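In structure tokens below, several structures.
Shared between the two complexes below is subunit A, which pairs with subunit B and subunit C, respectively.
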Partner chain A sequence: MSSNQDLTDFVGLSAILTGFGADDLNPQFSPAPVAVEYLQTLQSKVDAALVSRMLSTYQTISGLPPAEQPAAVQSQILADPQLGPVARNVIRMWYLSIWYTDYSDPNNPVTGFSDGTVVSSNAYTKGLAWDAAQAHPMGYSEMHYGYWATEPPPLDSPDDNS
Partner chain B sequence: MTEQTNYDVIIVGAGIAGGLAAYKLAQAGKRVLVLDGGPGIPPNRGEYMEKFYLEMAKTPESPYPPDTGDEANSRPRIMDLISWKTRPPTGYLIQEGPLPFSSTYERVAGGTTWHWLGTSLRLLPNDFHIQTAYGHGVDWPYGYDDLQPWYGRAEWEIGVAAEVSHQEYHGLTFWDPDDPAKPYSYPMPEILQTYQDQVVARLIGDLTLEGQQVSVSPTPQARNSIPFDDRRVCAGNTNCIPICPIQAKYDATIHVGKAQNLGVEVWYKTVAYSLGVDNETGLVSGVNYKQYEDPKGGVTNTGTVSAPFYIMAAHAIETPKILLNSRSNELPNGVANLSDQVGRNLMDHPTQLSWALMPEPVYPYRGPLATSGVESLRDGDFRKEHAPFRMEMGNEGWNWATNDPWGSVNQFIGEGQFGPALKNNLNALLVKQFRFGSLVEQMPLSTNRIVPSTQYADALGIPRPEITYDLDPYTRAGYAAARQNANAIFAKMGATDLTKPDPTSSRVFYYNDQPYILNGAGHTMGTYRMGGDRKRFVLDADQRSHDHPNLFMVGSGVFPSVGTSNPTLTIAATTLKTVDNMIKTVLK
Partner chain C sequence: MMRFSRQTVRAIMLVSLACVGTQCSQAPPPPPANTGATPAAGAATASPAAQGPLGSTLPGDADFSDNPQTLQALQHDFDVFSWQSFVALNWTALADGSADPQKVIGADGDNRTVWDSYKEPYEVFLPDGSQPPPWGQQELPAQCRNIGPADGKLIQMTQKVSDDVLDVAGQPFGTGPLVDQQNGRYVRYEIRINRDTYDYIVQNTLFNKEGQQAFTKLVQFPSGSSATAQNPKPPVGALVIKAAWKVVDPAQGDVPGRFHKVQAYVYTRASDNPPTQPSCELKTMGLVGFHIAHKTASAPQWVWSTFEQVDNVRVGHDAPPGTKANFHDPSSKYPANTPPPRPWNPNVVLPPDKRSQVTRVIPIDDATNALNAQWQGWLRAVNKDSVWQYYELVSTQWPTQPKNSPTGPKAAGEPAPVFLANATLETYIQGKTPNVSSSCIMCHNNATTTNSKFSDFTYLLERAHKKGGDNR
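Let's turn to the complex of A and B:
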């Protein structure tokens, strides 16, 4: 099981990895927090020591000034031969709600047709790719008739559904 | 053993054709039994939605049972097309090529309307006599004016949203079905066009291609723009295919349900596999069926049911399979097949995908899957040279074309992108994606056919469909023209064409040495066509077998030629026409 500290670190790291704010990824009042599902998925699919190293590496990075953190995540996590593939699969999970099965072979890159598992139906409805498109998950609209006839709210609008 | 029944009519198939037929017959006081091979209508669509959410590949069939190819109601799946040449076959269809038939269908109550788009275009007047007008294909046994009233009735029956003044092109005329002197209106106001549709129309501006003024037309759609028939309005889930989460889009479970409310009996999980014929009278004498409970558990019961009249509505692959599986010493070609045309002339609307990056954001992945199209090249003198096409404007970016957003998200992450750059670069790409899906009119070929396999049977021991399929040169020329014209429109708009046919695809074909990828539209047509000449056609103009006077057939198998309109509305119109005639004549 994950501790609160693990969740805090996971969300903080995920915010830097995805480009979405920590409050967007794990809203304070959420009936079905997808961050918890994703952390559990990560911990169930990846060697515990590796997950632990990734989160503790981030914990150290989180003590740096905010402007220096992305570069540190890049050099210490994404560029790490073991942590990098895991971190990239975490980004995929946030954007597409999928945990891809084979993600660490550089000769066999993950594509939109690779094998994997949709984390849950709840997760599907919260994929960040749809927010990046200023849209909604196909099959899950919270909008009303005719919204499509005008431009959507701006990408980083506080009203957007992320 | 034959069960004695009190039914007036037995219908095989509970899709839109069978559902509408059952409902109309029941309204006229007829006693009707419907046999359907799949499970019944689920009490809600939650289970189907859950399955859709959890599927990796959001194919048209992804929400629906069964999952495997060896269950009682197995049917083709998009994923089977990747390995269509493999033997033993991995999918339900036995594909003999040279091209794979690339459309799929469902075998559940409500049929394939579970995942139809909802596009409800009428055929054009010239579509009914293309042989006479252009020297290609086959004429219908009647013209647009004969079907016009039935189009109107069909539009009110299933609920179509459109504005007449936007549909009066290529000679289409509209009048009140019951009074030619009165004007017609659709039952619901037109569905609002997307922001994308508006940008595309503005950027195309003034453009003429192949002698036709190019314009963007709002598409008539069987989805609710206002509450209609106790169903709610569309919320723009952008998911008409594979499944509308809220049933704002019409599907045939509605008429199957209405028919049941009027007393129609429906036997689910009851798979018709052949028809019996009384050799003295020439009348069909019964439907032979197998029943199952567990789709993986095999046959639990077999039987035969009889009634004075029969309507085949099992789909344009399953209906000919049943007829051809009914061979006997007296009828060596099978039932209703003295013409030898049953199962032949299999057609689709081969769909050419062209995709581009727009010069400004159009914000796709919003709204119904398609709300407009370029209908300008559906008719014109060029039909003497190449097949016509309609250009559907997708509201789902490059989802069909390149599997986005899944494709680009993985590509960008694989390149090392992360953080705000990843988010912003994806945004810049996704909001400018646009594609045309051009539905090309396919010509009938007698060699394009479905026959019951002599080698492979389904889980109930019933022969599976074996398909031979190809595209004729005129259709291929239309495909190439669709590609060229899409490119011309992209150029006029200042969009960057990014269409890239993969020559290693299992669905590649060539025209003038250029590769094209075959896509199915889900429109299976032509396999029991109607026409006056009993030597060339299976059914007469009343959709009655030339050979067996108590056997009628409905569905897109009756189309002698297919035009460029998505077939469901024409299925509904021809079914209503046929059943009305049955009620006024043989069932009087």
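Let's turn to the complex of A and C:
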């Protein structure tokens, strides 16, 4: 089970890893919070000690001035031989809503993307790749009918990345 | 078609209504229960003295930004908004259709409602695309004339989606008819639109295809807003209702005192498959499902409320012994949430073993049940025989991110709850599968005009015909 602190740390770390704001990843009024599902997936797929080392490493980093945090995540988590692959798999999970089972070899582009599971039907609709591209997953669109005929809003529009 | 002025025939209708159901009385209606009326605080129209929070004023906006900001607290606020709307729409109506300031909802057990004088789409989107008659006049199909009061309610949709819309949307909706346990008869549906919706359609000539083609702006129905000191009578905004009715017949085991009832023309269109003649019967119909969609300033994706009669999928509270659920029989072997066998003929009475077996796939949540008990109590306090105490809110769907850009990837505004269905209106698409199971906002997000432009969440505009008729 995940505690509230775990969720806060997970969302904070994910914000730095994905480039999306923490409010976008876990909106205050989300009716189906995907962050909770992703944390549970992480905790059920990865050795508990490793997950808690990653989250506690981030917790320390979160005490730094915000401007210094990304570099610290790079050096202390992404560059760590054990944490790095897990963190990269977390990025993929957020963007593609898939947990890749062979996360231990992310440097191999073939096997690194071979076997994966879509986290849930809810998660399928919420992959960040779609938001980043201002698109939508196949078979599920929250855009108004006919959106393709109008100019998309600016990429940095704050309200569209929930 | 004949035209009748609503105002001249209302009186006939009221008398006939007073005589529907169990408490049929020859005497004139009793004097108003509550004559010492004082207007509710901030109300645009006068409301009677306190009956709990029961009032005849429709809430204008759904802006709860001052309240404790949690998902649950906001859901509660929207659910209260739904109940306020339900009560105001079903408030006792005067002859002109407006709310009677002297008479609380249900004071006489049942009552003619405010929304009963709202327009039906078939009155607005005429077959020849001509200018619809002014607010307040009704036209009847030929089969319905001379068999009852000229302005009786006309109910004609036998499936959730009308023929006009089926042409456009096709079968993927996967809907089918719903058949009640007591009578083996098809549930009928109707749609009603309020004045602000009607005015927007008429003022912008959106009632025919040519008008929609010529309309180059984005379709944006007016929004409701709340009363302020500067603006004490704000617009209600676009409000659209979809209602489901079943035949109520005490001889077949229905308990009429548990339904809001109308005498209605039940009109069945001609059809080739199976061959069906157009017909019209005058029947006592009881309200079993009630959708309200209301566009407000704080919810441009609209607020979606849905109510049901309490006996739909199980026997509800305070039922007399022997009451059976409307759409569920524990002893039936007919598969649950499955449409009746084809061919679908609304004129046929289905045998008991083929009648609809409906279950609620997503239970009503505890907080909403508690709120329902509270409002039902207030309605009962008006009159222990009030039919309105036998309705319950299933839930309210609202946008959690209402300010999302309408051209962006999350324009639907992240609705909560994610899924919502009424057992009588989205019977066959209940559940929790994205894009398959019922979500009011997500499905209505696909609604368009006849020239395939986004139509602001309402399917109404798809019903427009060409000037002079589509076969011209």
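The rule is short, and it goes like this: the second predicted complex is superposed on the first by the 154 of 162 C-alpha atoms of A that agree within 3 Å, B and C clash if a C-alpha of one lies under 4 Å from a C-alpha of the other, contacts with A are read in each partner's own complex, and residues count from 1 in each chain.
As a working rule, contacts are C-beta pairs under 8 Å (C-beta built on N, C-alpha and C of every residue); 3 or more make two chains touch, one makes a residue touch a chain.
All figures in this text were calculated on a predicted structure; none of them were measured in a lab.
In the superposition on chain A, A:His136 makes contact with both subunit B and subunit C.
Contact with both subunit B and subunit C is seen for A:Ser121 once the two complexes are overlaid on the shared chain. In the superposed model, A:Gly146 makes contact with both subunit B and subunit C. In the superposition on chain A, no contact is made by A:Pro81 with either subunit B or subunit C.
In the superposed model, A:Pro31 lies in contact with subunit C only, and not with subunit B. Judged by the touch definition given at the top, the superposed model places A:Leu17 against subunit B, while subunit C stays out of reach.
In the superposed pair of complexes, A:Leu155 makes contact with subunit B only, with no contact to subunit C.
Note on subunit A: of its two partners subunit C and subunit B, the one contacting more of its residues is B. According to the touch criterion, the shared surface of subunit A, contacted by subunit B in one complex and subunit C in the other, consists of residues 121, 124-125, 130, 134-136, 139-141, 143-147, 150-152. Chain contact summary for the complex, subunit A toward subunit C: residues 27-32, 121-122, 124-125, 130-131, 134-136, 139-147, 150-153, 157, 159-162. Those residues of subunit C that touch subunit A in the shared complex are 69-71, 74, 400-401, 403-412, 414-418, 432-435, 442, 445-448, 452-454. The part of subunit A that touches subunit B in the complex is made up of residues 16-20, 70, 73-74, 78, 87-88, 91-92, 95-96, 98, 109-118, 120-121, 124-125, 128-130, 132-136, 138-141, 143-152, 155. On the subunit B side of its complex with subunit A, the touching residues are 49-50, 52-58, 192-195, 198, 225, 233-239, 243, 245, 361, 363-368, 371, 395-397, 399, 402-407, 409-411, 413-414, 416, 418-424, 426-427, 430-431.
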